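Down below are the structures I want you to see.
Here chain A shows up in two complexes: once beside chain B, once beside chain C.
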Partner chain A sequence: MPTEIENINPNVYGKIKEREVTAHDEDESVADPFDKREIFDLIRTINDPEHPLTLEELHVVQEELININDKENDVHINFTPTIPHCSMATLIGLSIRVKLLRSLPSRFKVTVEITPGTHASELAVNKQLADKERVAAALENKHLAEVINQCISV
Partner chain B sequence: MGRLTLEHTLQGHKGRIWGVAWHPNGNTFASCGEDKAIRIWTLSGSGTWSTKTILSDGHKRTIREIHWSPCGQYLASASFDATTAIWSKSVGEFECNATLEGHENEVKSVSWSHSGGLLATCSRDKSVWIWEFAGDDEFECAAVLNSHSADVKRVVWHPKKDVLASASYDNTIKLYSESALDSDWDCTATLSSHTSTVWGIDFDGDGERLISCSDDKTLKIWRSYPPGNNAGIATPENIPVWKCVCTLAGHHSRAIYDVTWCKQTGLIATACGDNAIRIFKESSDSNSDEPTFELVTAEDSAHGEDVNAVDWNPVTSGQLLSCSDDGTIKIWKVVD
Partner chain C sequence: MTTPTRATLEAALKNDVKLQKTAAQIAKDVTAGSYDLAILAEELGFALTSQDTDARVAGTNLLSSVLAGLPVDILNAQQLEFLTTFYTDRLRDHHNVMPAIIEGINALVHMKNLPSQYVPMILQSFFQHTTCQSQTRGDRTKLFNLFQYLTLHFKNELQTMAGDFLYGLINSIDGERDPRNLDIIFSFMPDFIANYPLLHLAEEMFEIFSCYFPIDFNPSKQDPTAITRDDLAGKLTNCLVATPVFAEWTVVLAVEKLESDLVVAKLDSIELLHQAALKFPPDVLEPHFEQIWQALKAETFPGGDNVEIVSMALKALAALLERAATVPSISQNYQTIVLGVVLPHLTDVNQRLFNPATAIALVCVAGDARYAAGRILNSFLLKLQAAAAQTPGSISAEQRNKLYHIIAQVYKLTGLRQALEQLDSRTTLAIQTDVIATLRLFEQEGFDDKQLDLQRASLAVLNECVPVLSEAQRALVYKALVQLISHPSINLDFTYLTVQLGALQPVELQSNFIDICIRNFEIFSNFIKRKIYANLLPLLPQMAFTQRILDLVMTQVFKTTTPDHVRLLALEALNTLLTQEDQRFVVELQQNSNLIHKLIELAQQTSPLPLEALDQIAAALSHIIQQLPVSEQYAIVSEYLPNLQLQVAADLYVAKGLLAYLHKDISLDDHFERLLHDLTDLSLHTQNEQLRVIAHHLLCSLVNKIEYNQANHSKLLVTIHKLKTAIKAGDVRAVEVLAWITKGLIVSGFADAAEIVGDLAELLDHPTLSTGAALAFDIISAEYPELDLPVVKYLYKQKFFHTILNKLGNKLAAYCVHHLKAFIYVLKATPHPVLKLNIEKLGPLLFKSLEYTEAQTLCIALGICENFVRQQDVYFQAHLGHLIPSCLELSKYKEHHTMQVRISALQLLYDCTKYPTFVLLPHKVDVTLALASALDDPKRLVRNMAVKARNAWYLVGAPSGD
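On to the complex of A and B.
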């Protein structure tokens, strides 16, 4: 963990309205595939590791940067670090991955990548987040798992 | 065209299964995974596979890979707990005989040399270690090789010589052998061509070729050109030069986590993050300097999640073992 906060004055954005539950949502007889909004609702409340704000409020995650194909079991998230040298980028990406791993059915293949052009070490961070063996080993690390749990707890 | 038929689906581990490995006799195999246990499976008279033994007290974290010694008496296990354990069945029950320590963090792979006299391990600490096995529980570190610049994913010994290959997160494959001059282990070749992590490597039956699989979704075939080769490939240091002679692209839609080259049939099987198992075969009109390989068959939904490992039965030709994140082990048969 860093000793000082890197980005002291991040831009803070508003939150979107809660999703309205429609009659269709409550009808148990219709198949209801996962959509962008549902994925966004799962990750928007994740806490930033250094600010008392959510990833949504910092525009680290945005609904438009989520792609999902329920039929193909494919979820793709782009996230935007608040500054191009953010050392928290891997931790934020890992928190998004863990939140989705725990929330979605295991059939989903989750890809979490930095929004192209928004971070100095974009490729290195993406490669690490995509390496499931390293992610598995990282999650066995008690200290790291605690930090991630703090980020994803509501 | 061939076909892959499912013979058995086995469950037992809790969670992701990382590795499976046939015993040299072909009627026993071992499996390991995130539940920190090793299971040893045998075939009963009635034709069903079941867990004969569970080894659960050897490691404190995920067991990433297991391999049997060529004599079949020892089993080595590589774990995220930074140790490698050696198991044997000297008194009827499997026991942990030795624990090899030294790596700074996760051990990713372990491999026995063809004679069983050497053991190699590799780790996220970027190093490859070679251990001399003097029998019983005596292991001595013979070399610590620091040629890779990142996490080393796999080590595999040559099928006939004391030549070791390693594959890494740094996108390269390296080969090592013992120098005749000072009997030090040196890196003798770096194979560069993959554009992302190399997850798996395997030699063909005579060890003249190597196949690699990668996060870049391709397979590559590498060939050894010894000094004085007919192809006119220069060997400046008077040692074999390895060249990529074939790239198989466009078949896999996600990372390829494992590849196995059957020593009996020459068939190649791959384990992919898109849940599929694919089988490749060298074309009949293939040229040794520019070989061509064909996809024989693909089982698109071989497992419900990523396929992590595949292994050809060393005795029963065409029998293939696979394991997955979905917590199952499957046994397949390639039929014409």
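On to the complex of A and C.
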């Protein structure tokens, strides 16, 4: 963790309400497909590494920036760092990846990328996040794993 | 007794036990007047003046012990003078003698006749020749107790010593490390400091306390006189704020220690500031306010993760502002400083600092409502007006919503401080106009019925500002309320507002709201009627409206032309009314209008009512009956019960109303046989399940209340016999009826109940009735809150559990399906502590039942396991190897595993993660792998639980996962 906080007064947004349980949800005979909201619920509670706030409250992740195709097993997520030079961007992306790795069925191909045009070193970060070997290696690093576990433990 | 001689004394001085014994004897003799103390002193002279230190120690010890043993009033001034001189001289002696001297002085100062001028002498000599801190721990305790006694009883004398005493005391305390002694010091010093002038030594006095701050102390576990850290910290804080003279240093100390990283230090510092705010007068603290505010700001704005620190800091700030409120000039000075920082951040709802800013702003309002509320409301008004001037929508609904909620809180706090009327009316009126306009948005075309958050927020503000609404604004509010209530699809709760308005403006509310509702009542739809009832009933307690509202409900209930569905609504309203009002009101209502009679007539009218309406009538009857005195209950039952034909639905419902909650002292012996017979018959023969349920409940409650005399007993046996015959013929319904009767009997502790339970247990082997029999155990053990069973045998659940365990024991050991199922039903209702006592026996049964395929049983078994696991039960910890694979199996999507089962199994797996890491680690890999399949469950609710469980398991033993 850095000693200096980069962005001291970020904008904070409201949280959306808890998903309401519908009659369909209770009905055993209806299958519920994966949808945007479900993926969003998985990652919106991840904590920001700098502030005691969630990614949702900082609008780092937004429901509109998630694309999912349940039939073709594809999940695509864009996230938006609060400032273009945010050094935490990789860490945030990694946290999202790890959370989904643990929470989604393995049939999905998950892509996590920075929203185009919102970060200075967008391409480098995207490349790092797409590299399975590097993600796995990051989790072997005790200190990194510690920070990530802190971010994604609810 | 003989006077002591040198020989006897010498013998006594040989060892401690003898010494104490002799001292006690001498004290007794002197008290009795056998001889004078002077003789003792004379005889003891050899020891007191001996060259040998040990002899002097023993001699002084004896003398001091004698003194300690004497009554406080026996020695005269002359004797005491002599003794005082002796002891003050002794203070120069070898330090080994000191404990004895301290004890002697301690005894002396407690003497009643001691001339007070000697106290300074003793102290002076003490401070001159020895120091407190060179004594042992026990002696220091004695000394501090001595100082405490002196400060309480010799204030004048000690004040004549001026600085000497203070200096001596400061030296004595300085460096004390023992928590027990510190506890004594911290307890008596605040009073001392507050009552004695500290002269030039104030700062020294402060220093000896401040060096302990913040207290760092871990009590040892074996300590019998457990002093906790928090005790000491609290007492030390009292010392530090004991006099306003300390204010300057206290503030500096607290602010300095607040910068620490230790949570305890921070909390102690904030508490010190809080206490300082409470104890020190505002004018003393004023010069330091800027300093305090900067320190508190660092903790609250934006504030860290620790909620406790933030809330404590806000509390301290609130205390500071509240104390200052008595002096307007200081208060405004404070408020200007604080609000100056906070107000700019109140404008943007979306910023991180907005929430901390509102918290501080509200604290300001709590301190000086008139000034702070005025300024805050003003800044909100500017924001709202800016929004109105620009295009609508420049401030989002969400922002407006948040603003309104804060405005509501500001109003509320101001109202609590009785300062609403003192606010600048131009500001409040403008804000209220904005709020009312927002509320009335729903009247526009194309309004989205689902988005009512803003309207709710507006109502929240209006709730608080009722007293300062202008007449024109009230008129608008009434209009809006009428529109709201007659709106065909919006259902907003604004009862609190109508109640407020009713209390302040009864005439207006009557003509502008209530009258309109009642006048047009007939033409409204049921949805609106229901809303009207919901909003009018809370107004009933207000005298002005009682009669009108009551008339409305009664007319709707009893008018013959009312359609059934409208009557049902009215009956529901009547029931709400009966439950919300107090006993006096209900009794009066019954006496004035004979409501029971009318209701029974209504139920029995020629054209039959629908069952829902009858059910409401029964509920209303029960409500009234319960509130009446016993004698009246009895009269009513004897009047109506004999004429009821229980086969008729209407009469059955009336019987339910009359009997369900009847007082248990009312004897039903005369009707018992008939009721028993009719109800049993009804249950065995009717096709209507609803009526059967009522019959069962009545039977259960009836046999529970009845007195077990010979006659009743035989009647009961006849019925039970009849049921058994029916059971032999294979009638499942008879099993059910029998179960209900047994339930009533078991709860009341009837002796033969165990036998019937045995009969039911035998049925578990029956080829066709086994399922029914298993359900019977569910009926017996389950709780039915709507069922009135007034006679309750102490610990009947435990008894029932043991009966079952005995009856089913052998079969359970063989894991018979139906027995196990019946047993699980019983376990569900058995109190957790009983299960815990028998877990060794029950554990294998529970695990076995997790292998069955019946969803309901599985759910109950999982629920019981969860209760144990949640409390980190040791038995389950030892059997995780069994439990976890079972749960993993149950979490899979299969035919018999319903959603409930899968979710419960996953929940159980999640709860397991609370066990210590070392027990879990062997299972971690298996669980995380196996849970992957649950992540792809077709049902979302199951997936959610699976995600929770799997993520928790990943954190087991992971770095910082704990």
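Just so we're on the same page, the second predicted complex is superposed on the first by the 154 of 154 C-alpha atoms of A that agree within 3 Å, B and C clash if a C-alpha of one lies under 4 Å from a C-alpha of the other, contacts with A are read in each partner's own complex, and residues count from 1 in each chain.
The rule is short, and it goes like this: a contact is a pair of C-beta atoms (placed from the backbone, for glycine too) under 8 Å apart; a residue touches a chain by one contact, two chains touch by 3 or more.
Fair warning: this is a prediction, and the values are worked out from it, not measured in the lab.
Comparing chain B with chain C, more residues of chain A are touched by C.
Contact with chain C, but none with chain B, is seen for A:I152 once the two complexes are overlaid on the shared chain. Contacts of A:H85 after superposition on the shared chain: neither chain B nor chain C is touched. Using the contact criterion defined above for the overlaid structures, shared-chain residue A:K15 touches neither chain B nor chain C, since it reaches no partner.
Using the contact criterion defined above for the overlaid structures, shared-chain residue A:S106 touches chain B and also reaches chain C.
Of the two partner chains placed around the shared chain by superposition, chain B is the only one that A:A130 touches, whereas chain C remains out of contact. Residue contacts after overlaying the shared chain place A:E140 against chain B, while chain C stays out of touching range. Once both structures are placed on chain A, chain A residues 106-107 are touched by chain B and, in the other complex, by chain C.
Partner chain A is touched in their complex by these residues of chain C: 302, 304-305, 348, 350-355, 398, 402, 898-899, 928, 932, 935-936, 938-941, 943-944, 947, 950-951, 954-955, 958-961. Residues of chain B that touch chain A in their complex: 16, 34, 61-62, 64, 80, 105-106, 108, 124, 151, 153, 169, 196-197, 215, 254-255, 273, 304-306, 325-326. Against chain C, in their complex, chain A makes its touches with residues 9-14, 21, 25-26, 28, 31-32, 38, 41-42, 51-53, 99, 102-107, 142-143, 145-147, 149-150, 152-154.
Put simply, chain A touches chain B in their complex at residues 106-107, 109, 127, 130-134, 136-137, 140.
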